[in-house]
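Across the two complexes that follow, chain A remains constant while its partner is chain B and subsequently chain C.
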Partner chain A sequence: MNALILLSILAILVLYLGLYKAKNALLPVSLLGLGAGLILALLEWNSGAAPIYDGMMHFDNFAVAFTSIGIISTMLILLISKDYFEHISDNVAEYYAILLFALVGILVMVSFNNLSMLFIGIEIMSVSLYILAGIRKNDYKSNEAALKYFLTGAFSTGFLLMGITFIYGSTGSFDLGLIKNYVISNPAEISPLLYTGLILMIIGLSFKVGAAPFHFWTPDVYEGSPTIITAFMSTAVKTAGFAAFLRLFMICFAPLHDFWMPVLLVISVLTLFIGNVTALYQHSFKRMLAFSSISHAGYLMFAIIALGPDSVNSVVLYAAAYSIASIIAFAVLILVKRQTGSDNFESFNGLARQNPFIAFTLTIAMLSLAGIPLTAGFIGKFMMFSTVLSEYHVWLVVMAVINAVIGIYYYLKVVVAMYFKSAERSEIQSSPYFNFVIGFSAMLTLIFGVYPSFISNLF
Partner chain B sequence: MSISLFYFVAFLTIFFALLVIFSKNPVHSVLYLIVTFFTFTLHYIMLNAQFLAIVNFIVYMGAIMVLFLFVLMLLNLNEGSIGSKSNLLKMVGVIAGMCLIITLVGSLRALDTSDPLVLQTQDLGLVKNLGKVLFSKFLLPFEISSILLLSAMIGAVLLAKKDIKQV
Partner chain C sequence: MEILLLQIFIPLIAALIILLSGKSIAKSLSGIFSLVPLLITIYLYVNFIPDASTQFLVDIPWIPQFGIHFKAGVDGISLLLLILTNLLISIIILSSFKHDIKNLNAFYALIFFMQSGLLLVFTALDGFLFYIGWEIALIPVYFICALWGAENRIKVNLKFFIYTIAGSLFMLLAIVYLHLQTPGNSYDLLEFYKLDLDNVTQSWIFWAFFLAFAIKMPVFPFHTWQPDTYTEAPTAGTMLLSGIMLKMGIYGVIRWLIPVAPIGFNYWGETALILSVVGIIYASIIAFTQNDIKRLIAYSSIAHVGLISAGIFVWNLQGLQGAMIQMLNHGINVVGMFFIADILIRRMNTRDMNQMGGIAKPTPLLACTFLVVLLGTVALPLTNGFVGEFLLLIGIYNHGIWLAIASGLTIIFGAVYMLSMYQKVMLGPVHSSTAVINDLDGTEKAVLFVISILVIFIGIYPQPILNISEAAVVNLLEQVNQKILVK
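What follows is the complex of A and B.
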């Protein structure tokens, strides 16, 4: 709760800094505020928090873990946004403020204990993202992304709200605890409205996390939005979506596992195949990352399918690994695009000769996304697969392994371009901020890959 | 008397809702939609839900639908300018819509139906009770929605303002 208040005030403070033209203070103040928010959130670890404000919020360890992932990703993204927003327009302070507001929404989403809070959290985050997707006002692709995101987002919110209404109609409450009591106390005579509501909520949330068959907005929106915003969407936002998904199903609907499990199973397998197979055919690195983010949604879904005590742990680890690796990928993409003006695979040709450090970190990120051992991505995939295996979904793991193999092909395409294809190019001038972010993230990826117990035994 | 009134208003609702989708001219569609919302207001009044009735009347019928109408007129959409969908697409739409109807009707049928007019708690929808709940139990969501409005407001100004610096 303290972190939530702090971040809200921070966003307003940033707006005021913009008003008084204190441009140089924006980044340090935002980062300091985020750091303080992170500390406040971490202080609540294991504090035995109870639901607060009439059971509206519950800042438990689950919320702390996902809040930390969100805040750290945002800090790293803000670091690489240095000079980026200035290229777009003069109103930099507003961009920072809206980004921080989106983070507030994420905090609400990961700590909700009442369906009304879930809805408000998702809306705060989504509305901020609709705006951020369209901040390049003179770029048609950005306009298209914002409009598409807004329309599909508003449409999916309809499903979500309808689902919440049906659940309220059958249980008579928005409170997660009371819904759970309802589900447990009358297993024989659960109202059919609850099942309808459950399916509608699955549809709404699948839209938000970009899982097939509700993924069709993802590639265009990710490609059209400014790269920084895409990085934010595919890290912090995706993590928050899955946290909300998992929290809802873990607390309320675990007893109805047999009912919704087949639905999620189909969604997950579809997501894996559509994401991975389409990613094979992409020429643009950014679009490839968009499809790869769809396919990672499929892997993350495994934890919800095999709902159990290990689910939270595997989602935290997988989401952290995926976020860190994505941040490296997007940071390098920004650097390359700034130099060559294109985000195709060809623009990475010969990068290793001129910028060995950047090429090396990008290689680590790609290996982590592909799930090669000694990187965080491998540990994430390993935990996901073992949770699913413990529930005896052997053929699901077989599918997932096939998809992981497909994934290796397109992730390594960029590595091949960097190391084995030559091209005339000059050295990319990278700022210390960029070097810090990609170096730090690559280090984290390796640390989690070698000593996963740092993060895998949290719960 | 009142049960027949309920069925009459319910009939009007469905009738105008059908007209919304079957009229060729988008402006007519919107006008029928306004009438549909008006019949919703009547339903709310019959259910003794004051607040919903007022909000539905002012916000939906008044503000949002007029906005709709303005947008349609500015876009200058006329009959035929929407373009016809292929038959395959229509079939898919019909099948999907019917599936949704079957699911919803099926789940509603399995419920115990109550008398549409006899309220379990008489003063459920009164403004006074709603206000009490909003400022006690639901205080946190109410306050946090201010952040939603603030960020939407900043965004609207940001996107609508003319940028001096051209990229």
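What follows is the complex of A and C.
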């Protein structure tokens, strides 16, 4: 749990650095702190940690894995924000600090052992994100995003809180262990209040992870926010949302599988279709990514539907693969948009000729998101499919396959633009930071794709 | 070092080297590299014991916690396809030397990359590995066709790519399902063979596999991507697709579809057979009306592949052996045909056959080799096509006389449009534009001589090739027939 403390202090430290105008120190300090936090988190791997703070949190292997994904994504995003953020805003220190606070919220979300901590974690993260979405104060779209995000977020928090209350009302506790005991010990006389609470929590969490039919805020918020924030939201934040979702259901509600499974099944299929079919019609690359991120939420939901020993592994791998690929996509988008001023598919035309390296990494990212073999995304989808098939949901996988095919179409659109269409354009100048981030991520994508044993047998 | 690993990975290494090498030496490098896998295949052939066993076995744990192994081996059926792949890749690379190709090191690297995938498909004995090879072979050829193709290439190839991926994802679904049914949760093909699944399950597994393979071959009505893709692709791409890649589908049916779901095959094999025969008739009729030389060859290829697939679905020794040898023959002939078409198109600047004519006079060598390849394609006795199609037709005849009549007559009918194509293009009065055409030179000669010799040699003395696969085919037949009988 030392990582949590370190990151909280780091965020405050960064805020002070901003106060003393030490702009150049912001990035190195944040990165060093995050690196140290990552090491601290990894040190707790397999340490057999018991719940801490009177049972409020439990930093088990599950938490370590998702903390690591969160921290690594944040580090990569910070690296690409070096050039980017200073162009769009003066409040650089605040940006770093708030991002780190959001990360602290994520850490709480993935290690909660008590429903009140889940709520606190989500709120720390969300409040930070509301600010980040609107950090371009003079931009209407950014303001719109922040407002929409805030209103829907607050609304969904209401559902979540109501659900927690109902569950408390029926079980008499916020503690995950005690709730589980309640569910197991009186299977015959579970209070209807608990079921109501469960449904409300599903709604609240679906809002947070952007699953249909509670997804409608995602496209506008993703599009309106500064791209770098969108990258953060669709990687670290989404992963954390699913980690919390999975953790809650895995620990507490696994015995009630028959009750909530059909609900999630419907949500997941809806999410897949709405996300994919809408993404098909987008002209803007950024909006396409927003909708495709909705569809990925549908795939991630599979692991919860087929709750079993492989679920955690599948979510870790899928989330990691998806996050790395998304970071490449957003990083390249930032570069392209800076040059052409547009984020439409056409602005990628002919990129391969001028910037073969950038085009190549983006191709790998797109293939990974589309789930083509030898990329991490394929292994992620493959594990999801296996997990679901092992529970005999053959039809769900057939739906997923149809959606995967739709996905390939729109992911390839950008590859087609880059390689097969030509346009007059000059070479994009990208900084070493960018090159490092996209190169490193592409390499990880391929390594996990060819030899997934690194992270696929953690649990 | 396992020889089979060398066979599979040398093309991959070659791809990397060529990609990083300079453009000036890319051509000669790829020429040399294309011979290495061929030499290894010859080594395999020499050391191959012609029985039903799987030889040169490699088995390395790859992703142990899912039970995925890098398990590959060669039996008679695989060996024939290794010969086909490596021989044709050499020919295809040689045939591209005349072309002016932009970014040619990327072009050749993609061909070698694809070769690795193909070899993986033809040797894999692990479901996951097979699927990986299946997709690895697809990605490079997509880029080859979409980067170096004709005007309409983007749309056409997107359709091709999505079509094939859609099919293969259903296959993946079936493979994962089978994996979950095996006792030790393995992807091993032999474990799949041992499974004893109920009728309904086998039926949908049959269709899931069939969809993937039928799209690849292509079998009617899953063929709609094929003519456009063949026409728009660069010649090397068309050759790769028609010469080698569609054999992946045929091989898949023999190795995976029927042995894994024998009961499913027992129920639905007849439907697949009829689809194949309908494909023969349909494609022949359309081929008859084509004026575009590339499209004509594309449709005739659908017809010929339909016959091969029909020969497999009748599931007897003659049909299967015919299919095995005809796979090789079809590969050689279709590559030859597309190469000749390409020579004509480049010299005439048109694909329209009505604008050609009288080409035979100024180009005797071309006319001669064209005729040999054409006769091989229409299965004249003493050419390679005859051996294969004869066996295939016997196989189909043993199954049912009407199907044999339908497919046999169509193939004869096929000879008509092929010969009339020859007449339109090569014979007739000499136009002003055709009088000045150059005859074959340099590598063109080499390619067409090699192909013509193969056409005639296999036609006269097919026994060595039939021997390669016979034991394995007999064994596979018995294995499946026993399972069907038990039920």
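Going forward, the second predicted complex is superposed on the first by the 459 of 459 C-alpha atoms of A that agree within 3 Å, B and C clash if a C-alpha of one lies under 4 Å from a C-alpha of the other, contacts with A are read in each partner's own complex, and residues count from 1 in each chain.
FYI, a residue touches a chain if its C-beta (ideal position, glycine included) is under 8 Å from a C-beta of that chain, and two chains touch if they have at least 3 such contacts.
Not measured: the values here are computed from a predicted model.
With both structures placed on the common chain, the touch criterion links A:I372 to chain C but leaves chain B unconnected. Of the two partner chains placed by the overlay, only chain B lies in contact with A:A97; chain C stays clear of it. Of the two partner chains, chain C is the only one touched by A:F385; chain B is not. Number of chain A residues touched is higher for B, counting chain B against chain C. Touch criterion met: A:Y409 reaches chain C, while chain B stays clear of it.
Shared-chain residue A:T196: touches chain B; no touch with chain C. Touch criterion met: A:Y130 reaches chain B, while chain C stays clear of it.
When the two structures are aligned on the shared chain, A:P452 is found in touch with chain C, with no touch to chain B. Judged by the document's definition of touching, no chain A residue lies at the interface with chain B and also at the interface with chain C. The touching residues of chain A, counted against chain C in their complex, run 367, 372-374, 382, 385-386, 389-390, 394, 397-398, 401, 404-405, 408-409, 412, 416, 419-421, 451-453, 456-457.
Across the complex, chain A is touched by residues 62-66, 131-132, 135-136, 139, 143, 146-147, 153-154, 158, 161-162, 165-166, 169-170, 172-173, 176-177, 179-180 of chain C. Looking at the complex, you find that chain A touches chain B at residues 8, 12, 15, 52-54, 56-57, 87-91, 94, 97-98, 101-102, 104-105, 108, 114, 116-117, 120, 123-124, 127-128, 130-131, 134-139, 166, 191-193, 195-196, 199. Taken in their complex, chain B has these residues touching chain A: 103-104, 106-108, 110-111, 136-141, 144-145, 147-148, 150-152, 154-155, 158-159, 161, 163-167.
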